[in-house]
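Everything below concerns the one structure shown next.
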Amino acid sequence: MEPLHVLKEREPQIHRKGEAPFSIECNKDSLAGAVSQRACVFCGSRVVLYPIADALHLVHGPIGCAVYTWDIRGALSSGPELHRLSFSTDLQEIDVIFGGEKKLYKALIELIDRHQPKAAFVYSTCIVGLIGDDMEAVCKQVEKEKSIPVLPVMSEGFKGNKRAGYEAACSAMTRLVGTGDISGISKHSINILGDFNLAGEIWLIREYFNRIGVEVVANITGDGRIEDIKRSHGAALNVVQCSGATMDLATMMKKRFGIPNIRVSYFGVEDMAEALYEVARFFKDDEMLEKARELVRMELSTLLPELQKYKTALAGKKAAIYVGGAFKAFSLVKAFRLIGMKVVMVGSQTGTREDYEELEEITDEGTIIIDDANPLELSAIIREKDVDIFVGGVKERPIAYKLGVAFCDHNHERKEMLAGFHGMLNFAREVYGSVMSPVWQFVPRRVSEEKE
Amino acid sequence: MEPLHVLKEREPQIHRKGEAPFSIECNKDSLAGAVSQRACVFCGSRVVLYPIADALHLVHGPIGCAVYTWDIRGALSSGPELHRLSFSTDLQEIDVIFGGEKKLYKALIELIDRHQPKAAFVYSTCIVGLIGDDMEAVCKQVEKEKSIPVLPVMSEGFKGNKRAGYEAACSAMTRLVGTGDISGISKHSINILGDFNLAGEIWLIREYFNRIGVEVVANITGDGRIEDIKRSHGAALNVVQCSGATMDLATMMKKRFGIPNIRVSYFGVEDMAEALYEVARFFKDDEMLEKARELVRMELSTLLPELQKYKTALAGKKAAIYVGGAFKAFSLVKAFRLIGMKVVMVGSQTGTREDYEELEEITDEGTIIIDDANPLELSAIIREKDVDIFVGGVKERPIAYKLGVAFCDHNHERKEMLAGFHGMLNFAREVYGSVMSPVWQFVPRRVSEEKE
Amino acid sequence: MSKMPNYVSTTNACKLCKPLGASLAFRGIEGAVPFLHGSQGCATYMRRYIISHFNEPIDIASSSLGEKHAVYGGSANLKMGLKNVTAKYKPQLIGVATTCLTETIGDDVKMILAEYKDEFHTGIDDPLIISVSTPSYSGTHMEGFNAALKGVVEQLANGGEQNETINILPGFISAADLRYLKELLQDFGIAATVLPDYSETLDGEALNEYPLIPKGGTPLSSIRNMGRAKLTIECGRTFSGETAGSQLLKLFTVPLTRVGLPIGIRETDRFMDVVSEAAGIEIPEKYRSARGRLVDAMVDGHKYIFGKRAVVYGEEDLVVGLTAFLAEIGIKPVLCASGGKSGNMKESIANVLEGLGCEMPEVHENVDFYDIEERASDLDLDLLVGHSKGYSFARRQNIPLIRVGFPIHDRIGGQRLLHIGYHGAQQLFDTITNTIIAKKQDDSDVGYSYM
Amino acid sequence: MSKMPNYVSTTNACKLCKPLGASLAFRGIEGAVPFLHGSQGCATYMRRYIISHFNEPIDIASSSLGEKHAVYGGSANLKMGLKNVTAKYKPQLIGVATTCLTETIGDDVKMILAEYKDEFHTGIDDPLIISVSTPSYSGTHMEGFNAALKGVVEQLANGGEQNETINILPGFISAADLRYLKELLQDFGIAATVLPDYSETLDGEALNEYPLIPKGGTPLSSIRNMGRAKLTIECGRTFSGETAGSQLLKLFTVPLTRVGLPIGIRETDRFMDVVSEAAGIEIPEKYRSARGRLVDAMVDGHKYIFGKRAVVYGEEDLVVGLTAFLAEIGIKPVLCASGGKSGNMKESIANVLEGLGCEMPEVHENVDFYDIEERASDLDLDLLVGHSKGYSFARRQNIPLIRVGFPIHDRIGGQRLLHIGYHGAQQLFDTITNTIIAKKQDDSDVGYSYM
């Protein structure tokens, strides 16, 4: 087995559980030339705000930033689909020289007239800051003229990593929160933060909450609507999923409106159940808690027998996880355990020290924990650990596939609902459908094994 | 130009108008080894009866005869589509040795029980006569048991040509005619014989007749129904299209029920108009005649301007016609004339001497008139006459195409409605769409011309 | 295998008749004219059927028997037909196939042909005349195809000193398959006789003159030498009885290696190994890299198709090969059907599925589309794989039909479909996977633009 | 050409950004690593976009500039990045493309690279470093692609005594196209340098080890020799300004022949004639017969497609080639559109349509899908021809989309689509014709089984 190709500078960001006391560096800038799997600030903002379906999302910059984020995600809407279009000011050399404010203004007016959105988000890109466009001023002007919120998102790509983009997005939404009418909202009410309604997941989660008697005020941002976000300060609780994407908004809402928040995950049965229980516990409502227990019992009674088939087939297979936010990784570790599989690697693009500590805790001996990995590292680990399936996003897919390893997309492009109890079944099915494919017997890795 | 490859025995079947006094041999058996475009008796019967949509059509014989006639035609039904299925007794060696009567009986019972048809036609094939199956007896037996007409069609392939098959088909239908209730039929009523409702043509023709106040009793056989045929002797007139396919039935109906008949064609504007006028004249009804004139005027007033575009483009182009029955050829000659094209060859598989005489009359000097042609003759003529479009059936298509000549399918497989006024427009459009295709500039014939 | 349940009648047969297969095989010999001894209709129907697939002229001569011949025998017409074909086409070979008519009236074709040669052969430019017995009532077009090849070999091949060529009897594959096969053999640098070879005769270029006989086809001189080849590779797992390959072994002791049609990875691997060994060289880079890319593509696409359920129908050997391939890529063949009845399909399928972890599908020989539809109605299908004749079934079920084999009557270019080798598997894989993706995309309310 | 009407905003752009094209071009050089000097997001987004088409890993390094670099310049990060890439990938070449960020902050890349070489080059195994200026705000991915090639040639090629090779600059074609092109050149027996060649690097085999740099690509030694070639064939009719081909002419007096992308019959004829002349041999039989079969097929299928109305969109040269082909087969291109703005598309289209009797379509440069849809709404369309991004438009119009070019994000095997040569035209023809047939068949109430 060839050794793991690791640049010296990268070594502190890789930890093997059991080999040494826990230590990992993280939240560093990507190393130049290392072919990081990370994106940029702009990407972080787009990820968070993208699913707001009745808003105009205008990318102020050259064409690339807009075109690479055109309709790329599985975030569904139950109504308007404005988010699926790709709007750009398509800055040209002349704009870079003379400034793009006028073009931005005209583009905004044109697009708002054309689509009548409920609000507009305007994303700044790398060069916008550099050429000195006063986006704030243009947005204010258009807001006044068109009487809808026009919100600058300060997402210049180079000003940090994806996480900074989350903040910029939250900060833009902050301007909306608190501007709507909150009359008639139930005392048992929440906002769902950090679910992006991939493959319709938020619909399922909302249904669960409805079943235990909780009103959902705003989806933030899966299947999101401007009006809901405006009145989201009327909710009693913010239920936040995912490591960091929307945490800043929750923090702000706590500060400004005193709304407490809890962090949950909807992936895997334990986390999903715990999410419902926690909400019920928050409301200190026994009936609600009993309803939640009943819901979990019911769902599990159909789910677990169905899972058995997959569990039998998958027992002992090995998984590697590399995702954007570490919080999802926790759930995945547990989900794999539920279907009898071993997690041999887990990593994230943007985990914090606390995240990695928790991963250290819940994983088995020998598991590799990695921050901001790159293709060479990932591929070396795949081979070293003889991984059966890799969980990641589209950028990781070809690495797995090239080496003959099954793959599960657990990122924003996926078309399968993986959240909730039903999602757990889909997850098992999807893992099964990839791991058990007969194609692996033809890949060099397996062929050479057989020859050994 | 290489000479026409003609076998000596074939010479009397080819006439060049103007070169000699008219003389042509026809209605001969195909010459062995000559690769005739003709089919067989069975084929003739299938062609005529095929469109009767609520009857079971069972081919008694080895599988080939059934499978080659499975859903091959554009004959549409407004209701049941039993005719689109291919039923066979699929005779095996053992049946050939011990006889196929029992198998036929069982197959009939099985299929009638399964499909509840209004009648069953049972087609004999080459070997059925040879092995001595008494089809008549089996049919009678089943007819008694199942109380629907079960009609043997004596269509052994070798017992003549397609024309003999027409007779066999008509003879089978003869048993139906006269068995239905004819009360309530208008005195201005007709049967439509010899239209097979390709691409829905009979619906158009019926509409024309309705518009001039004529009731259509039975379609024979396009979109045909057993019950209609049973009461078709209640019609005042048989309107027969096509040279021979259903003429025998008309003749019989004249003999048995005294129903007169007229021969018409629905192709081309003159013939279509004349068909309506003739029917009106037959009924000696001035109002009807005026309606017919009005109809023709109306249709032409929209048709002719639309035709102009095609006429302009196609003026002077040359056409060759080779069709099954000569009657259709008359109409085609006129139709081509209407769109400004020259017919340089016309022939048929089954024309009679009278047919060819008429063709001689209506064609221009130099036109080649041919009976029962084969690929070599056709291809030589195409080249000699520098034909722009060939009109024929699927068997002729590759000959035209191989040599780089446009083609119009005017046979039973076509999907375009070519009858009536609307059909004339379609015809022009189709000829245009083939003749004007840019692909011809790439075929060797045109490339070598350009080089000359 | 018998039908299930045992219907007497046949509805929408999943087979064609024997003389059609023989005609196609004869069309694959250089300078040959297929000739049916029977009534005119047979030749005309078959021409029409073949034309609708190949979009090429195919002249099949006929002895055009009439009523009197059924009584007195077809001898005179057969002779006259041969004479006329000889005069007009100047063929190198006439392949005479009988029909149910002439078999039933008991024409002794071998004797008639002997008489004909006595009477008419001049010794100069006389065509060879081959005959084969192909009554429609005793087998399908595949039996006719194989019988013709066997007849050709028996009646033409000679023994003698072994040479360095190999014989390839590739079975009933497409014109594109044949072209691919010949290029492959060339890339191996091995001299081979591929019989039949209708890659040009039934998929020719646009021409300026109508060809009496289209160019191309297996040369007669090569066929004559087949008895001296060092090896015969015969593709097909479901043969019953003697074949061209077994006759070359029996008559001339040419060693025979039987492999399946080279469809999918493993069947192609087997075929390539045999060819490689015969050629004495490694598999060329072009094919090794195509295999590597194929495996890479199979991985890339595997999730879109895993567990999809397919019905496969058509000629038995084609069904066997396709079934193997579907199993290799993770599609479940749930029903494999053919109108043929070699009796060997089930075992052949079991063999090619071995080690793939694929459940054994239902396998039915001697069935028609009525049987197939009835059987399939409770199988929860995702796709059909077979020729055009399954269209109405696919339409009723609202599932896609992957068109392969013969006939393709509702698309153009059926003759250009590539099925064999790694390249063929690649095309099949892309077609199947993209068809499934397209259906998912189009059926979705969302209309994803990434899949 | 300007937009019609002149919208300020862009919706659903019909172009990609400049560094993406440069990255693809660099990926087609042996041992090369593409490197973007800019923020991390650019490289990651482009990788993701390219991956979704090729289903292959593509490592694009980045200098990962952060906020402080925007102020103080990206020099240090660029150098560190180059060092790291050199250490980890051991590349033969690093292709540095700038981004709008680094162009706007005014990094002098040439100078930085000179410094870097001074500082870090050891003289042993140092990679070559090529740089190209590709700010997203000044052109599309095609400009980036061409700029990279020009940069490579300018910075690598040497002059000297003329040799017998030719240079082929095929433009932005698929991996399958490149393989086909190389096989074609081999069949002509001509030594040629095809630049770029990502046929293996972006369409590789399944592997056992993750490749630091995938094998394949145009060898550096060949690129160095491009200045000594006897001819450059450069495919593309819409170039504006200097290109790799024109620079080879200017710097090394290598004769330049410009032809369109060899798509369709006439453009392929022109290409084949040029190659044939350069090779000094006739066009090989394989291609002549493919052409003959293509013409034959075009005749067979012409009636199904005559007069159908198509919109063609994508890169300008691809649009020109496809438009020519559609006109050749009797389909009316009614609207030809591109996000590019060379200013040469209309004239190029007029040129390739000459003599085909085809009305001049509307031609629009610098448009997006909003413009295209708006313009097309009253054009009565039958099909779209272009990349995947037209899907939602096609779906709304309920007309089929013929997927060609880049990107194909909603099917597998986009890299395996063959567009060029007679074989590519054959595949396009079959695909287009069968798509139209399928729609007619499926839309029909009857469900004809013969078409």
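As written, the chains take the letters A, B, C and D, and residue 1 is the first residue of each chain.
In this section, a residue touches a chain if its C-beta (ideal position, glycine included) is under 8 Å from a C-beta of that chain, and two chains touch if they have at least 3 such contacts.
Each chain and its UniProt protein: A, B = Nitrogenase iron-molybdenum cofactor biosynthesis protein NifE; C, D = Nitrogenase molybdenum-iron protein NifN.
Predicted, not measured: the structure shown is a model, and the values here were computed from it.
Participant: Touching both chain B and chain D: give me those chains, sorted by label.
Facilitator: C
Participant: Could you let me know which interface, A-C or B-C, is made of more C-beta pairs in contact?
Facilitator: B-C
Participant: What whole-Å value do you get for the distance between chain C and chain D if each is reduced to the mean of its CA atoms?
Facilitator: Computed from C-alpha means, the inter-chain centre distance equals 40 Å.
Participant: With centres defined as the mean C-alpha position, give me the chain B-chain C separation in Å.
Facilitator: Roughly 33 Å separates the two chain centres.
Participant: From the mean C-alpha coordinate of chain A to that of chain B, what's the distance rounded to whole Å?
Facilitator: The computed centroid separation for chain A versus chain B comes out at 67 Å.
Participant: Please tell me the distance, in whole Å, between the geometric centres of chain A and chain C computed from their C-alpha atoms.
Facilitator: 53
Participant: Would you give the residues of chain B that are in contact with at least 2 other chains, written as numbers and ranges?
Facilitator: Counting only residues that touch two or more other chains, chain B contributes 70-71, 401-402, 404, 442-444.
Participant: Which residues of chain C are in contact with two or more other chains?
Facilitator: 52, 55-56, 204, 206, 295-296, 299-300, 389, 392, 448-451
Participant: Once you draw an edge for every pair of touching chains, what topology comes out, line, ring, star, complete or other?
Facilitator: other
Participant: According to the definition of touch, which chains form touching pairs?
Facilitator: In this structure, the chains touch in these pairs: A-C, A-D, B-C, B-D, C-D.
Participant: Sort out for me which residues of chain D touch chain A in the complex.
Facilitator: For chain D paired with chain A, touching residues are 7-13, 15-20, 35, 38-49, 51-52, 54-67, 69-70, 77-78, 80-85, 87-88, 99-101, 104-105, 135-138, 140, 204, 206-212, 339, 389, 392.
Participant: State the interface residues of chain B toward chain D in the complex, per the touch definition above.
Facilitator: Of all residues in chain B, those touching chain D are 70-72, 74, 76, 401-402, 404, 407, 413, 415, 430, 433-434, 436-444.
Participant: Inside the complex, what are the residues of chain B that reach chain C?
Facilitator: Going by the criterion above, the answer is residues 2, 5, 7, 9, 29-43, 58, 61-71, 84-93, 95-96, 103, 106-108, 110-111, 125-127, 129-131, 157-161, 375-376, 379-380, 382-383, 394-395, 397-399, 401-404, 442-445, 448.
Participant: Can you list the residues on chain C that touch chain A in the complex?
Facilitator: So the residues of chain C touching chain A come out as 265, 295-296, 298-300, 302-303, 306-307, 327-330, 355-358, 446, 448-451.
Participant: Name, in rising order, each residue of chain C that touches chain D in their complex.
Facilitator: Listed in rising order, the residues are 52, 55-56, 200, 203-206, 289, 291-293, 295-297, 299-301, 304, 388-389, 391-392, 395, 409-413, 416, 426, 430, 433-434, 437-438, 441-442, 447-451.
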